[in-house]
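I've put the structures underneath this note.
What follows is subunit A paired twice: with subunit B in the first complex and subunit C in the second.
So, the complex of A and B:
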């Protein structure tokens, strides 16, 4: 087997292992801990032993733990997450379908806007290292990175939706019957919040890797050969600087999948984040399981893709194997 | 991270978590004074951003801890109609139930600050223990610990906390523990890297050669030498803990009503944001100032540790 393929297969195996362990954690947290779903649903009525036992049986909580896990996992593997405990017993998958689409759009737009801005900010502050511009960007990043997303979001709401200007809606009540493309204005503030929250990480990483590349011997060599500075930058420095950033970008997109929780809740955006908040508040375990698994899977898969891309792109890794 | 031989180029290594901060510097190359972290703190103090951070943090700390003693009312006292705009008697207006916003702001910082510090300490203790063991034991134990930590990383921290809150309910000990656990992987990795590096150094080998037990080597030879990165990590993690605890309270899974808490206040009063913005603005500004101040301190420490002495930074 070619070594490159072997490396990729090992990485793939590790990803699958992590996913498998993730399912165990999710299962234990939701079904394996004392204080089960039946008690949670019934609340004070749980003292009614007959009702409690009946509900436990209905939910399958009276079966041995391992049986519960395997049947749940078998369902998950075939895309069946069971039925929601609230809201008339709808299938979890039908309940979440449009919400997954909304959140995917939100994350996609946030990534689409934030990544180019971060790359430009990171690269320019590396090129003008220690300039006033660099310092301002650095301090801005430092502050933005420290602010919780919901704080950024509320400040945006105060400025653009309520207290200062009244340009944008402060609540993103998306109509499921109208195509998303026709209600884009409802995305503006949530996307802007996520963009501001992501920029610091990616731009700082890109600045660090660009600085490193600009100080490398091959860039010096290129300059000594008399190649124009812009060509050095675009052909020699930046492509190499972006490689380590791929992973940061991947993690940030994965982070967006988790960071949307507070942002969606803030804007009342009908996505998986607000669905998770509702499900946790209502103790709707099948929905919690499906959403947490989805978010963790997004993280694992994106990391996997980023790692494989890094293996394929970075010349040092490729040649090092031969 | 130095970027040369860490996660960025070794695909088998799990990648970094999201950090609200600068990357860390290299592991110390030789045994340093046990007071290494003091040196780092002194170095950090020479940076203007650290001073600004410390000053702001001290002010917010004072508000959170001593504010309650100068509060004009009781936190659960009704002083006027709900969502009254600022007026004489209630300078920041009233909240959604008609309680004094200023009083509740003065009472509401202690919870987020103390829970944040507690979560950070738990994260440090767990992470350092696992990192020391992992880095010193190597082989299968090392592999197992690192794989387990990868699993923790797969959950965004707030989602991890919510997962466990879903069945156990919003208990404070649970939230603090989950936030601490979410810090564990990163702290363990920093500690492990430093331990691996140090385990090969002569002074550790000498200690092994004269028969010092492992536990003592880890605690008295290795640990004091990673005090600087741990100090930086503490600052960083504190910022993140506060972000998460405040976030959980904002979502309704943290501090529960009728307690006064900055995160909870934002949630309770945001429906009145158009009528009485101050009930939201005040806690928002304080949470923001708190996290920015801790991050400024952490950044100052990180720079001091890396020896980047750039006083030119605008502040």
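So, the complex of A and C:
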């Protein structure tokens, strides 16, 4: 078996183990919260004990904890994520389907826009370091990094949707019944907000590592050999500089995928972040578990991809595998 | 009103602490700046209509898009179950009708019922339905559906929200007389039975009603369910055979879109994504007005009281209760607790009840008198009480509690404010607190007494047990004659004014905003879910 494939398989196995442990931790954590779904459904009516007990029985919450967990796990193993404990008792997959799609689209677009911009900004400010351009980019990055994303979002809304211009929709109330591709307009402001939140981290990371590489001895050697500056940069410097940045990018995308609750609130965006908050408040175990599993899986996969890319890009690691 | 259903308190339970609330909390601690309104689940209206931007006959057609507060995936459209969130309560208003109803001024009148005839002792009520009523699925409304509806509400296995309020009614007491007539035979006299029939959780549903998932959520209301995504939105379409000859519905589609954050809600209105925005918070009024929106202000009968347990120390001594009521600076508390979204209270509930003693003097702060009362009760700078509060009571409740503690300090009473989360507040200790706060909707006096003040009332949080008062209230429950009953209510209310366990410093106002495209909405004293009682969306039209 090729070493890389072996590595991937081992990491996937470990990832599955991680996910399994996550389900246990989440289950115990939600049990530790006061109240349960029956109380959440009844609200103050839960003071009516008979009614509360009847509902607990109906929802299967009177079963022992271990039984509840194992029956849920058995379902998941066969691809059945169960039904929501609250509301109309919909299938978890039905309930979350459109939200997962919305969030996935949001993350995809935010990554698609922010990564190239970050790389270009980071690399160019490294090349022209301490120039006026570099200073401006630095200042911008630091200012953006200092602002919470909802502040950025509010300012964007004020400028582009309500107070100054009315060019863009102020809220992203995506219609689950219409294909997303017909509603791209609604993604503009949330994506812009997230892009502005991600760029500072990635571009500053890339700038720092590019500066370091450009000052290294092998780049000096390349220059001494008379290789053109652009070839030095694109062929020798950047591939090495980008390695640490890949990890930062992976973490940022995973952060986006975890559901950006404040941005979802600000734009009324139906994503998984607000769904998770809602499900925790409702003690809606199947929904909480499904969402946490999804987010954990994204983390596992992204980290794996980042590690593989790191290996493929860095010559030392790549050759070390053989 | 039905049992506390106009207070989807669990909405506050589930509503995550948003940035806005955090900011608001900061404002309280810091500068005592104006808080948001008591974003009460309840609010309502005063009987004066806000300026309507357009005169003339209402236009028909179009889609009215309403931005409503935070919903949750736990919502359902079962009209007899507790309405857990503000949006779903609003939707139910538009989907269902009850036999009777209260109008925008809170006056009781007929809805699906043609007439209701009591016997002389208030133990039997005969209801005749209007003829030609139709459910959303085209089926006619008959006495069988009425019988089914009330048996469903009284189902002992899964009682409806209104069950405890239908005092004296048992399933056996519901009798079909003919196709359009039903007689309710009560086990005990209940003069306010017709008022209870008007609560929305007594909505009439067809035989075999199964509202799970929204598909079977069938009623007789002005709008029928087209699409329902819990926690996201409800799309309702005009009911073409609505029974009312006049009064809408005028728009073809009513979309109720849920927002987790009130900033997003207002932005949706300012950006033109919706036409109508429910329940503005304090400072948002100025923003909306500045952007050319029309405000709709409602003066409601909902209240956020301080509750003193009248059966344990120190509040078992009436002098302490009187002293506590006298040390409140009501104006200051309103300013700091709600940012001008309240109107003055006088320690009595049910301000719109015909029997409300409005000629009693307005109680004001009197520190000297408070001090002297406390001294007579044996307290001289040595009284310490714990005040339990929570943002889930009302976003402004902790601020009001802090103001109270500060005011109490000036007469040497040490009030320790315990601000807890909703889970804890409504948990096992609820109804047992020595000194706490609560939220209540707009109700008639007897309805409210039956829920919160009678010794056997489910929510008797002040543990009020006053024989003379009880005799008056029980007499009022038996008195079918309106004038006589109102006189009894005035007397009972006066006893509570002098000796009761509530400090009712204010009632809530509620403000909605809408674009100039919307006309026809009127404010409503009930303040359920919005300044315009949601049922009034049938009156709304687009110009």
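In this text, the second predicted complex is superposed on the first by the 279 of 322 C-alpha atoms of A that agree within 3 Å, B and C clash if a C-alpha of one lies under 4 Å from a C-alpha of the other, contacts with A are read in each partner's own complex, and residues count from 1 in each chain.
Just so it is clear, a residue touches a chain if its C-beta (ideal position, glycine included) is under 8 Å from a C-beta of that chain, and two chains touch if they have at least 3 such contacts.
Since the model is a prediction, treat every value here as computed from it, not as a measurement.
A simple residue count on subunit A separates subunit B from subunit C, and the partner touching more is B. Of the two partner chains placed by superposition, A:6 touches none, neither subunit B nor subunit C. When the two structures are aligned on the shared chain, A:162 is found in touch with subunit B and with subunit C. Judged by the touch definition given at the top, the superposed model places A:235 against neither subunit B nor subunit C. Of the two partner chains placed by superposition, subunit B and subunit C are both touched by A:281. Applying the stated contact rule after C-alpha superposition, one finds that A:170 touches each of subunit B and subunit C. In the superposition on chain A, A:42 makes contact with subunit C only, while subunit B stays out of contact range.
After overlaying the two complexes on the shared chain, residue contacts for A:154 are found with subunit B and with subunit C alike.
In the superposition on chain A, contact is made by A:95 with subunit C only, not with subunit B.
With both structures placed on the common chain, the touch criterion links A:268 to subunit C but leaves subunit B unconnected.
Note: residues 33, 35, 40, 150, 154, 157, 162-163, 170, 261-262, 265-266, 277, 279, 281 of subunit A belong to the subunit B contact set and to the subunit C contact set alike, using the contact criterion stated above.
Contacts from subunit B toward subunit A in the complex involve residues 3, 7-9, 11-12, 14-23, 49, 147-148, 150-151, 153-159, 162-169, 239, 243, 246-247, 250-253, 266, 270, 273-274, 277, 280-281, 284, 287-288, 291-292, 294-296, 299, 310, 312-315. Per the touch definition, subunit A reaches subunit B in the complex via residues 7, 10-11, 14, 17-19, 21-22, 25-26, 29-30, 33, 35-37, 40, 130, 132, 135-136, 138-139, 142-143, 145-151, 154-155, 157-158, 162-163, 170, 200-201, 204, 208-209, 212, 243-244, 247-248, 250-252, 254-255, 257-259, 261-262, 265-266, 276-277, 279-281, 283, 285, 288, 292, 295-296, 299-300, 303, 306-308, 310-311, 314, 316-317.
The touching residues of subunit C, when paired with subunit A in their complex, are 3-4, 7-10, 13-16, 18-19, 72-76, 82, 84, 157-159, 161, 212-214, 227, 229-233, 257, 259-261, 263-265, 267-268, 270-274, 291, 423-424, 426-427, 430-431, 458.
Residues 33-35, 40-48, 51, 54, 84, 86-90, 95, 150, 154, 157, 161-163, 166, 169-171, 173, 176-177, 261-262, 264-268, 270, 274-275, 277-279, 281-282, 284, 287 of subunit A are the ones that touch subunit C when the two sit in their complex.
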